[in-house]
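Next up: the structures, one after another.
After this come two complexes, each holding subunit A, first together with subunit B and then together with subunit C.
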Partner chain A sequence: MVNDRAQLYTMEGIAAGLIMLLTAYLVLGSTSVYTPGDTHITDMQLEQVGSDILRVMDTPLKLNNSLVDYQPTRTDLELIVNTTDAWAFNDNFTSKYLCNNKAVAREINVTCTGYQTNAFIWYRGNFLGSYLLRYPSPTLLNLSRTEPGVRLTHWIHTGGPPGNTPNAENKSMSPEPQELLLEVVIWKA
Partner chain B sequence: MRGDFAQLPVDFLVGFTIFILSLIMVANFVPSLLVGLQRTSGIDYDAVAYRTGVVLVEDPGWPAGIPIGSDPYLFFTMPDWRPWEFMEDKNQISRFGLALTRDTPNILSINKINKFFNTTLFDDQFDSTKNDYRGKLLFSPYQYGYNITLQNISSMKAGEPALKMSIGQPYPAVYGYIRRYVLIKQNPNATINMADPVTNSYYNAQDAARICVNLSSNPRPLPLVPLTGCNQQFTINLTGSVLYNPSIDTPFKIDLQREPLIINIRGLHTLLNNSDAGWNPNPWGLANKSGAGNPGEWNGPAPHWATLKAVDFGIHGTYDQWSIIATNWGVQIANDSSQPQTLPLPANGIDVFDSLNLTMNYIDANFLGDAKDLDIIFSFNNDPDPPHTLINGTFLYDYNPANVTQPVLSTGMLEVGIW
Partner chain C sequence: MEGMNTEGQWIIMMGFLVSLGIFFLAIVISQSTLVGQTTAEGVLEFPKNDIQDLRHIILEVENFERTHCLSGGGCSAIRGNMTQQIQQISLYRKSAIVNFTTSFEWNCGIPATRTKTARDVDIHYNNGVTIYDEKTTVFFVNSCP
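Showing the complex of A and B:
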């Protein structure tokens, strides 16, 4: 027959066990100190570099015709988006800027070996839509060993609708200036 | 029924629990107490490089000058309104920064760049305790090694060589690093070729009568100097309301408050009065009047120079006053051969045959701004004996690309390495 003898000893045992578990947890947790420097520096560098590149590509380099008005020329990025020129995007973003071989420092974090990009354009037609501007090379795509990527977004002002919307959308979109959202993801494959 | 055998273990348990919890908390605190005492081997060089990159690319430095086109009277508490790149005394500079203004991150000024990478002005010695880059950019007494390199990616303005500027030491094996992509704004300049037929006809005063008339009835009449002797004057007009038109984006503004004024006048000999028999249009070339001589050899009679008597600056006719102040703006006048002259010119003036260059570091915001115009007047000698110059008219320094080579941007790459 079950009686209530030694009930307190059982509770002590449980409490002691909990205390020991808590102790182990806290002691283990207290041995490492986080410093802000050792986390995500690579990500931060890549994000900074990427947003710099998009900003530089989307800045006009001179006034178009200062006698007529003071509007600047169209930017490289606007032209690329309007013509959906994936080759030109990659040529500019990767070859001209990200992997520029004039760099003095051969920095592992921002050199280009194995870096992949893809880019989406988001636009507003009748509905919110998007299409792929650039996709990574399938031969270099190794999904089993990818590291976390960084995601960059940039608003682009264009003089008209984007170049590669589906036909139905394209016909219904008014030829007015638009703001497009360019979304670029960079990761190391 | 329970006995009281277990009373002591309960007390012990409570005490022991409190002790262990205290121990755990202390153990938790100790490492964070020691964080501040970590040795230098723990410096996060990447963070220092990032910070330095941000200061260089997104900040105009200090002093930053007044906002573009503003009236300095609104900023009268500032003893000196000029941005740091125009300070002659480096002790007046508190912080380096290459951005054009605080509203234009990633857009750098070529004038700030040239000043920043001037290692004869700033101390760049690694071992030096007076290293200016540690004091005004890295902000640390710690002896960081650094390498800062700026290069262009797209080509520079037409006629300019590629840009590659660097300070600091070569990169070691391990270092912190950041790379920034930037745009470099380059200065506008004007070349006036008087040998061009259209330009020539515009500025060529055919006779003395026209000279006198035109001085008072030019496209933009100037209430200037007394017309004694009908001096031959060529005016460069800077209209503040045009230059600082708010609809022009900052990177494309002709901002003479923080950019040099560069004017090259070419082909001036075509404006000389060549009715004189001794006048030789080409004293250095092959085809002289006698048909003799070799290329590059002096083969003519001594040319008759035009004489530039004075260069004056003025707003609404008060020329002398501003001319005195303008000598502080780094004005340099160069003719074909001599060393650049500063103002005031010698009493007899300087001889000019074919070219005349005017450069100024900047124009004081008290004299050119949103609602302030400035005239720069070249007065040539009006010698009654031919030959003399036959020049008059007003050149508009503005956004007309036919007159002025407009400001352009080039893309570039700034690398910061810290160790």
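Showing the complex of A and C:
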């Protein structure tokens, strides 16, 4: 006669083994590996700060009757865009706001070195076009140790087409108020 | 199996049930990272800055239209150009379909004591992932004669 005493132990062992296997499967499946490309937390902070800076730059310094008497250049940013003043843009954006510990981005000040900006302005005259407002020094385009950059956009309302641009098509825009899109890429070189 | 001592069957069964319970709890816990991740991604994906920025420029257009076009100057062409600039640049640079309308329903101080009046601005935004609609009201001091 075959001895069947071990049958219950066998079934119990199989059940326990299945439970352990499933547990291991669950444990391994619940861990997710976050690569630097997945975590946009620091990028988000920079993007938020950058957007806020652009908004502040596009706020009129004087609110006296600007709702009634429309002035062609009302904000710092509008003036910069109208004159295509690359130095003023970078100075305002980086020195006056981003890296100024008395301004918005106080937390960034600790490591506020080497931030680079590149800015484009998009317009629509007869056609859609763009021109460069500010570009970084080519020696700083070494991307070997660059952290991920962020792209910011800001709409600008100007009283007329931006002057001082090299684009002939842009100069042919009618002297009406224009809605321009400023596109800025910031990264840390 | 008649030779076996069967008194331990309850213990085995209860142990099995308890292990099943723990197992289901483990399933719930293992889902929590997934839930947290998808929620965070949903928040990240919402184009908050784009929409705030769009509101800002649309209210600028509304302001221009109110202060220039409605007080006698016929500038509906300029207003149309502004709309087209926002729409086309949005489509081209932000892959977003944008539309907005402003209401023309106001009355110049009827009754005559009224000094404040309001307009509605309808904003529609769709970038393929996020659809956002807003009706906002702009209050202003009535500048009608």
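By our rule, the second predicted complex is superposed on the first by the 125 of 189 C-alpha atoms of A that agree within 3 Å, B and C clash if a C-alpha of one lies under 4 Å from a C-alpha of the other, contacts with A are read in each partner's own complex, and residues count from 1 in each chain.
One rule holds in what follows: a contact is a pair of C-beta atoms (placed from the backbone, for glycine too) under 8 Å apart; a residue touches a chain by one contact, two chains touch by 3 or more.
The structure displayed is predicted, hence computed values, not measured ones.
In the superposition on chain A, no contact is made by A:Val150 with either subunit B or subunit C. In the superposed pair of complexes, A:Arg124 makes contact with subunit C only, with no contact to subunit B.
With both structures placed on the common chain, the touch criterion links A:Leu133 to neither subunit B nor subunit C.
In the overlay built on the shared chain, the residue A:Tyr97 is in contact with subunit B alone; subunit C does not reach it. Of the two partner chains placed by the overlay, subunit B and subunit C both lie in contact with A:Arg55. When both complexes are overlaid on chain A, the residue A:Ala15 reaches subunit B and subunit C alike.
After overlaying the two complexes on the shared chain, residue contacts for A:Leu77 are found with neither subunit B nor subunit C.
When the shared chain is aligned, subunit B comes close enough to touch A:Gln45, but subunit C does not. By the document's definition of touching, of the two partners only subunit C reaches A:Leu181; subunit B does not.
Subunit A residues 4-5, 7-8, 12, 15-16, 19, 22-23, 26-27, 29-31, 44, 48, 55, 67, 70 lie at the interface with subunit B in one structure and with subunit C in the other. Residues 4-5, 7-8, 12, 15-16, 19, 22-23, 26-27, 29-32, 40, 44, 47-48, 51, 55, 67-68, 70, 122-124, 128, 152-157, 176-181, 183 of subunit A are the ones touching subunit C in the complex. Taken together, the subunit C residues at the contact with subunit A in this complex read 1, 3-4, 12, 16, 19-20, 23, 26-27, 29-34, 37, 44, 49-50, 52-54, 56-57, 60-61, 63-64, 67-68, 78, 81-82, 84-86, 88-89, 92-94, 140, 143. Those residues of subunit B that touch subunit A in the shared complex are 2, 6, 9-10, 13, 16-17, 20, 24, 27-28, 31-32, 35, 42, 44, 46-47, 50, 53, 106-107, 147, 149, 151, 153-154, 166, 171, 175, 177-183, 245, 247-249, 251-252, 399-401, 406-411, 413, 415, 417.
Interface of subunit A with subunit B (complex): residues 4-5, 7-9, 12, 15-16, 19, 22-23, 26-27, 29-31, 33, 35-38, 41, 44-45, 48-49, 52-53, 55-56, 59-63, 65-67, 70, 72, 96-97, 100, 102-105, 107, 109-110.
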